[in-house]
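Both complexes below contain chain A, partnered by chain B and then by chain C.
Coming up: the complex of A and B.
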């Protein structure tokens, strides 16, 4: 990296970090540069990747691409107020298709596969293996079983969380919170590596204090 | 004289030595050859497309080698080889003796396949004839998804039943969801403080169901905002979400009888770049100081940055996402969090319309079925594995078959 690029990168990095103190002109400048460049970059990327790369190059071979192009054209009609309502058609198509496709995906992964995966013997390492599980495996099996069961109870909306049902729901949210806590710690650690990367750039590449 | 006869005999003997050695070697070779165990190959190897699938299976059948007889046949097993698109043959499976069929589930539409099978004996492998070239095909109906269809029909039937029940005037009970109960209060707070409301629909496009769920809640939120005459601002990172967001808010303002108060400036596109968008939204938060922030949709690494900035300006924050990795950050930094399913239940809960309430109750039927099946299934699997009880085994097999889904 040449000197100018190095100093510019350091200047912009510190500009973004300066937000930790408070909103300031340096941050505003860095923010505007970041947004402007990234928005421009995405316009160019979408043009070359989608319009040119997917449609223009293959328009003769794939007649179905014209359907997408037609919908894209309808979206542009928003710019003409008189016929702007036509842009709702591609939106309706996207919303409808998304709902339909995701319905079955969610149904398969969140219900069918999860139920099948949870049906397992509690004192064994697998189905048909006898009493072969050690203590840790038995605990893990019980956690999966009760965690899934009580989690389902928590997300059951048709019954008030009272009495035995309420206890089940409370255990369910207990399981959820432990899971979230573990996930929180795990993700924070991965974010720390991003911070270390920036500090390494500032003190290593820029200031040369880390060899 | 004696030498005259002996010399040619000697010469003949010398000449014959290599031949005799060669003959002996050949004899010993043939002895080894006959002692090797050679099995006859498998025959009639036929490959056919697996019917009523997604185009990802081919079915192979063959007649086992005539030397494949239990208990002491020559065949020790089989090896199946496959060539993809005219490439070299690679071994893809091994079988024990007596096996005569196989389903290859690792094929793709658009590729062509040729197979042959080796019958293995103690010393050698004998190959069958190669199959014809075949391309897997996708059928209109995927039989592997019949269990999915049955479950979908049960839940859809429940939804229709509950919609009809609600239409007949019966009140359908839905428990309180704290995050959704707080929406009106949060908007009221912004109105009292004279500050705007910030609505962030995540960073995914309209092909993400979480974005759709977020926009559904936006419709309800906008209607209340229009009633209260409060300001709303919605920065987005996808152009289609901008269009859909504008349409949603516009429709809400119209239904509230305030079409004049609507402006396209309420929804603005920032950038598709994840952290560029975050930098802009953070800036908006500290400059505009919204009283209420909604974070409803699909979020990734930006979730904590946004929620923490919202927290630092003292805004009341209602967040919701179905991404488990981001929920902990919302729970830590926001006042109310809609966890997964609660986000999708929001539209029905907020509207209270019979149609939507029926769908919510129908989903609960699905959860109840899952709950019962898991409970019985785990008991059956445990008893079946521990004590080999036939009745329990049949229950376990039934449930695992019903809840299996092919690709």
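Coming up: the complex of A and C.
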């Protein structure tokens, strides 16, 4: 990076970080630049990749592209209140196509395969392999089995959570809490990684103080 | 002295500090690295400061939130100057990813999808660099693409870094023969779906505009059945979930993934179900993979900062709980419940 780019990047990075002290004009300027550039970037990218790259270049060779272009045009009619209702057609197409695809994908990948992975032999590494699992695998299998079972019990509201059923629901809460805790830990790690990246830029790329 | 004057003076001081070091960098000043002793002193001071804050909290003097930010900043920054390293062990999911790539015969075609942008680079770029370098060391052919617009640019940055590495110096890699960057394609998961029948329909040209059929590496690749292994670097949607749902479960590709830490817990169930061959979760995953591949990079370098910042966060969670119980808010909350 040349000097100007480095200083500009550092100026903007410090502008965002300055919010930690308090809200200030420097932060507001940086935030506005970020939002403006992001919006502009998307407009330009979508224009060149979608409209120009996919439709305009190939419009003569593939007549079906005109259908997509027509639907795209209808979407823009939202800007004209009198005929804005026409934009519902492309929206209906998008909703229908997406839900059709997602229904199949989620049912196959997130329901069938996941259920299959949960219904497992507790003392074996696979089906029909005998008692061949080591201690750690057996513990892991039991954790998944009881975690799934008690988690489902917790979300079963047709029966009052009392007695043995209530105990199961309570254990389910513990499993859920541990899951949320793990997710929070990962989130902290992720956010810290972003900060480390910027600090590395400031003290490394910009000021040359670290390798 | 008013607060405004103090703030202006602080900004001036920081600017002078930065100018001095920037000029120093231009004039070839050496980087700063703390010795082991200095590092230990710094760590001790940090721990003592936290203990002092805990004592203050117990005494009823609550610190303001900016002190927390300051400590996190210090915990992230100072380890970058320290000349000490952290022991890194390997998780089973990282080992299985490494082994699945290691098992590929020379000449195998590996597709890497860069589904992230610069904000996620601190976590995912080290994975990308280590993975590409491993592929080249094993003489695998690398094809990159992106479902995110800036993904292919990240791929090019990774290629640049890998080609300048010590291990690969002296080796020649020809674009179009050894590696190809197919670029970005809009359409999210529909791109993966379409690639299942025709790569060329989604990528008629590569990143720089070469026609698909003019690239020797890919011209005979029709769909996923011609790809030996896929690796997805993902920071959200579209990303690993879509690759699993369509690429793995519909077209049967072998898939490994590298995810941001935020996304990793969502992906683990797919790993346990056998839909992924391995998973690198966040910076920790990157560091573990770098260790396995013996390609030390930024993942390893950043882990010390990562650990320090976690310790500070844990310390402040404890201090926060002490403050919570000491300040009587518990009884206040209980009072509200009644």
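Remarks
Everything below uses one rule, namely that the second predicted complex is superposed on the first by the 190 of 211 C-alpha atoms of A that agree within 3 Å, B and C clash if a C-alpha of one lies under 4 Å from a C-alpha of the other, contacts with A are read in each partner's own complex, and residues count from 1 in each chain.
Note that a contact is a pair of C-beta atoms (placed from the backbone, for glycine too) under 8 Å apart; a residue touches a chain by one contact, two chains touch by 3 or more.
Keep in mind the model is a prediction, meaning the values are calculated, not measured.
Of the two partner chains, chain C is the only one that A:200 touches; chain B does not reach it. Of the two partner chains, chain B is the only one that A:148 touches; chain C does not reach it. After overlaying the two complexes on the shared chain, residue contacts for A:116 are found with chain B and with chain C alike. Contact with chain C, but none with chain B, is seen for A:210 once the two complexes are overlaid on the shared chain. By the touch criterion defined above, A:12 lies against neither chain B nor chain C after alignment on the C-alpha atoms of chain A.
Once chain A of one complex is fitted onto chain A of the other, the partner contacts of A:183 extend to both chain B and chain C. In the superposition on chain A, contact of A:171 is made with neither chain B nor chain C. Comparing chain B with chain C, the partner in contact with more residues of chain A is B. By the touch criterion defined above, A:86 reaches neither chain B nor chain C.
Of the two partner chains placed by the overlay, chain B and chain C both lie in contact with A:108. On chain A, the surface touched by chain B in one complex and the surface touched by chain C in the other have residues 41-42, 46, 106, 108, 113-114, 116, 179, 183, 187 in common. Of all residues in chain A, only 16, 19, 22-23, 27-28, 30-31, 34-35, 37-39, 41-42, 46, 75, 78, 87-88, 91, 94-95, 97-99, 102, 104, 106-108, 111-116, 118-124, 127-131, 145, 148-149, 152-153, 155-161, 176-177, 179-181, 183-184, 187, 191 touch chain B in the complex they form. On the chain B side of its complex with chain A, the touching residues are 147-148, 151-152, 172-175, 177, 206-209, 212, 240, 243-244, 247, 270-273, 275-277, 279-280, 282-283, 286-287, 301, 304, 324-325, 327-329, 331-332, 339-342, 345, 349, 360-361, 363-364, 366-368, 370-371, 373-375, 377-378, 380-382, 384-386, 396, 399-400, 403-405.
Those residues of chain A whose C-beta lies close enough to touch chain C in the complex are 10, 20-21, 41-42, 45-46, 49-50, 54, 101, 105-106, 108-110, 113-114, 116-117, 144, 179, 182-183, 186-190, 192-197, 199-200, 203-204, 206-211. Of all residues in chain C, only 18, 21-22, 24-25, 29, 31-33, 66, 69, 72-73, 76-77, 80-81, 119-123, 149, 184-186, 189-190, 193, 242, 244-246, 248-250, 260-262, 264-265, 269-270, 272-275, 281-284, 298, 302, 305-306, 309-310, 313 touch chain A in the complex they form.
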